[in-house]
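The same chain A turns up in both complexes below, where it pairs with chain B and then with chain C.
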Partner chain A sequence: MTRLTLNDLHLRHPGAERPALDALSLEVGNGEMLALLGPSGCGKTTALRVIAGLIAPDAGEVRFDGLSVLHLPPERREAVLVFQSGQLFAHMDVTANVGFGLRMQRRPKREIAMRVAEALEQVQLEGLGHRCPHELSGGQRQRVALARALVLKPGLLLLDEPLSSLDAHLRTEMRALIRRLQRETGITTLVVTHDQEEAAVLGDRVALMLGGRIHQIGAGATLWNRPADLEVARFFGGCNFIPGRSSGGAFDCALGRLALPHAAPAGEGCLTLRPEAIETGEGENAVTLRVIETRFEGLLTRITAEVAGLRLEALMRAGAARGAMPGQDIRWRLPREALWVLPGV
Partner chain B sequence: MIGRGHPWLSLAPALGVIAVLFGGGLALGLAGSFGMGRGGASGDAWIAVLSEGRVWRSLGLSLWIAFASTALSCLIGLGAALLLRRSFPGQGLARLLFQINLTIPHAVGALGILWLLSQSGFVARLSAGAGLIDGPAGFPALTQDRFAIGIIAHYVWKEVPFIGLILLANMQSLGDDPESAARSLGATPFAAMRLVLLPLLMPALIRAGAIVFAFSFGAWEVPVLLGQSAPTALPVLAWQRFTDPDLAARPEAMALAMLIALVSAVLIRAAFAGRNR
Partner chain C sequence: MSPRLRMLLGLALIVALVAPLLPLALWSVARGWFFPQILPANWTIEPWMQAFAPRSEIPGALATTTLIALAAAALALGLGIPAGRALGLYRFRGKALVELALLAPVIVPGIAVGLGIHGVFLRLGLTNSVPGVVLVHLVPTLPYVIFVMSGVFANYDAEAEAQARSLGAKPLQVLWHVMLPAIAPGIVVAGLFAFLVSWSQYILTLTIGGGRVVTLPLLLYAQAGAGRNDQAGVLAMLSLGPGLVILALVARQLTGRGMAIGGTR
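After this line comes the complex of A and B, so read on.
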């Protein structure tokens, strides 16, 4: 198992306006599974390729267990990258695909056969060794790609959007499989995804990458409910931003004085709360707003309401949203624990 | 409406053209080889052709030309494509220069080879001028020679860009990921190319090679210009019989043409079958 350290990585693709990696620093502990989350084009796949040795950075360091690996070619890094599309070799059957890495290590044929069988069992594909990639379903192909990496017992496993090509049902199944295998093998794993839910489910910690650098790293719930800055809050669907001042555990703003949770940052800033955290009714931090618009979004209804020129959006289940009619006044409670202050914004 | 209805219906216009121009020509050629349209049918032309030693020598020469041209074109085209796929300063110009002779007609290319490689050609004169040989006549025979070096040189010169172009397009659609995946699994750059990239390119290489083989086996212009007078390449023999003032030689010309098509088809089929096995 390997401890991964990325230190101040910079990379600009030729002709690109913005850098793909911009002072990217990150630490993944021994045996940890870290989810690298970010929107398309934020540089997360580039980061994986740099770690795997497929692209050289312009500057910065990649260290495995504290030692620089930048001088090592991909085949000597003990970091295996599982591609988004699986990248199974179309001219080889499943057994040859899974055994490819062991063949490169010149392992005896008997050992290769044994370890390939074990790996296929791990990913629940026993008996499919003779099939060619085009005879497999999308989920099976991803599992073969996973087995092909795991069979090498790498120090570091790099998963590039491993579930993005699967349908919802298979995705849930694969998530559980990846999580189980990572726990069983203890391989340090960096999984790249653009899916917030996937990152929260898979990662022991989640690192949010925006514009080539890490904006926040921590438990999924922390990033969701305690964003470090406006961009993080926006990425996680935050849409309520109320300017004001935090002091003495309360926030003074256009809505009045709102009680804040413990350890909320003090000073000028922006109060944020997730739209689904807003509740109807009376209690602490209850405010009166006028409903502007309601929009049905399937399971939830989005209600936009206004007070003193300040707009708030709430996402509520059908029952709670029933009383909200445009033009009517409504009482909303902003739960203290759901509030967070973005200082200096 | 295009794209609607049964696929065969949509394909009908293209298939019609192929059936009339290609299938019709083939059927007429086959009929002609059996003397049809000359008051009856007989296998005399086939018997005459297959029992003639000259035909077999010509067939051997044509097979040599086609195999050597195809093998060299595939090897050099593959090497060039592997070099040209990497980005480097001036890559666009290099690709343009590589592909430019695709636009030059075969006959013009053959005359160029004649001017360059014949015993009175540019290289012979240059060698004599440099004192490497006593005179241009001392230059080895590279055109009208028994090993058909001039013909093979022409086909290689002309077909390398064709093979390279097809492989470059194929590599572009494959991208770098198959090799990157192999590297990440522990393959050296050479192993990734040999075990992953080349097998993935093989279907395209075989298809392109089959086209080169069929052309270099069946075309007569280049062997006429660059080949020796005896034995001639099989297509030259067919052409000579076809243009013979004695019209009785026509069925033999047709039989030779059919033989060329048959051998070519059987060998190409065998190459595809070998690949699929």
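After this line comes the complex of A and C, so read on.
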């Protein structure tokens, strides 16, 4: 298993205005599964290709177990990249596809047959070895692509949006499969995704990449509830930003003095809290607002309310939202643990 | 269109295409065929015996033509596949100009091209030789190969190659195990095209070969000019051979029902 280190990677595609990678640094521990999360066009797929050796960076280092691999061609790196589309070879059946890498290494036929059968079993595709790619469903194709990588027992597995081409119910199943296989094999895995939920479920840690560099890295819940800056908060659907000043465990702003959780940054800044964290009723940090608009969004209802020219949005379940009518005053509680301060914004 | 009408129109087309060839076929097996006879009075296989007699030029010409066409097709594929890949896969400055330049030999008359090249080949000592003729046959064959192959590559997903590299394939292994199988049907079609185009060259063979390199079209013109209708008939039938065989082999691909062109993804 391999420890991956990215050091200050820079890359600008020819003719592009903004760099695809901008001082990207990242460390993925031995046997860890890291989810690289970001909107489309943030450079996450480019990063995977640089690690796999398919593109050379303009500057910076890629290290496997501390050793630079930049001089190695893709086929000699300990990393295998699984493409978003699966990229099964159309002229080969499933067995030949899965055995491709081993054949390229000129392994003995018997060993190949054995390891391919084993890999197909791992992804629960026993008995489909003779099928051609066009006879497979989307989920099966993705599993073949996964088996084709796993059969090589790589030190580092790079997955590019492995679930994006699947239906919702298949996605859950595939997610569990990837998670289980990663635990079983212990292969260091970097999975790229644009889906927050996917990142939170798959990754031991989540790294949020915006504009070619990592903005924050940590457990999923940390990124959600303790964003490092405004862009991170916005990416995770944050919409409440209240300017003010944090000092002595409290935040002074247009809403009054609000109690802050332990270790919140001090100084001038912006208070943020997730819309679904707001509760109705009395208690600590309770404020009065006037409801402006309610919008039904399926499972939840989005309520916009205002006080002293400051707007807050809350997402509430049907029961809690029922009392809110436009034009009415309402009491909202902003739970202390849900508040966070973005310093210097 | 009803199936019957389609069948009828198809038959009419075949008749229209085959009819002009019929007299040639008959001449090759006729003895004394004069106006106003509709069919020859006497049938014979003598012209064919003559054509393949020990002193005849025809067997040699058949071998030379085949050799030249094979060599020209192989060379055109060797040059045309990379060129077609570049045109089909990448966008670059001046691409339209390059495409026009590649198409030019098809538009410019062969005699003009041939005379120009003759001067160059003379200095290089390539005139009056089979290698010279093979090289000059690239002028009409290469454009066909490039355009068939660029069409094939336009539908080819080069990401498959990146995937193969990441799975541990060296560049040559990628070429052999990933690219070639994917474009193989296109190679077959382009190669057959090139073979046929070279096979039926007359002007270029005559200009560069200087009459020393004797191919079937050269003999055919000579015999037809000399009024030897029986030998011309035999030669015409021989010249048709590969075309018909190839047509039978790739008819499905050419009508677009097959996978050969543009079906690699």
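One rule holds in what follows: the second predicted complex is superposed on the first by the 345 of 345 C-alpha atoms of A that agree within 3 Å, B and C clash if a C-alpha of one lies under 4 Å from a C-alpha of the other, contacts with A are read in each partner's own complex, and residues count from 1 in each chain.
By definition in this document, contacts are C-beta pairs under 8 Å (C-beta built on N, C-alpha and C of every residue); 3 or more make two chains touch, one makes a residue touch a chain.
Computed from a predicted structure; not experimentally measured.
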{"item": "Superposition on chain A - do chain B and chain C clash or fit", "value": "clash"}
{"item": "First, second, both or neither for A:251, with chain B first and chain C second", "value": "neither"}
{"item": "Partner chain in contact with A:332 - chain B first, chain C second, else both or neither", "value": "neither"}
{"item": "Touching partner for A:224 - first (chain B), second (chain C), both, neither", "value": "neither"}
{"item": "Touching partner for A:340 - first (chain B), second (chain C), both, neither", "value": "neither"}
{"item": "Chain B versus chain C as contact partner of A:236, first or second or both or neither", "value": "neither"}
{"item": "Chain B/chain C common contact set on chain A", "value": "49, 52-54, 73-75, 79-81, 83, 85, 87, 89-91, 100-101, 104-105, 148-149, 152"}
{"item": "For the chain B and chain A complex, residues of the former touching the latter", "value": "177-178, 180-189, 191, 195-196, 199-200, 202"}
{"item": "Parts of chain C lying in touch with chain A, wherever the complex brings them together", "value": "157, 159-160, 162-170, 173, 177-178, 181-182, 264-265"}
{"item": "Chain A - residues contacting chain C, complex", "value": "49, 52-54, 73-75, 79-81, 83, 85, 87, 89-91, 100-101, 103-105, 148-149, 152"}
{"item": "Chain B-touching residues of chain A, taken from the complex the two chains share", "value": "49, 52-54, 73-75, 79-81, 83, 85, 87, 89-91, 100-101, 104-105, 148-149, 152"}
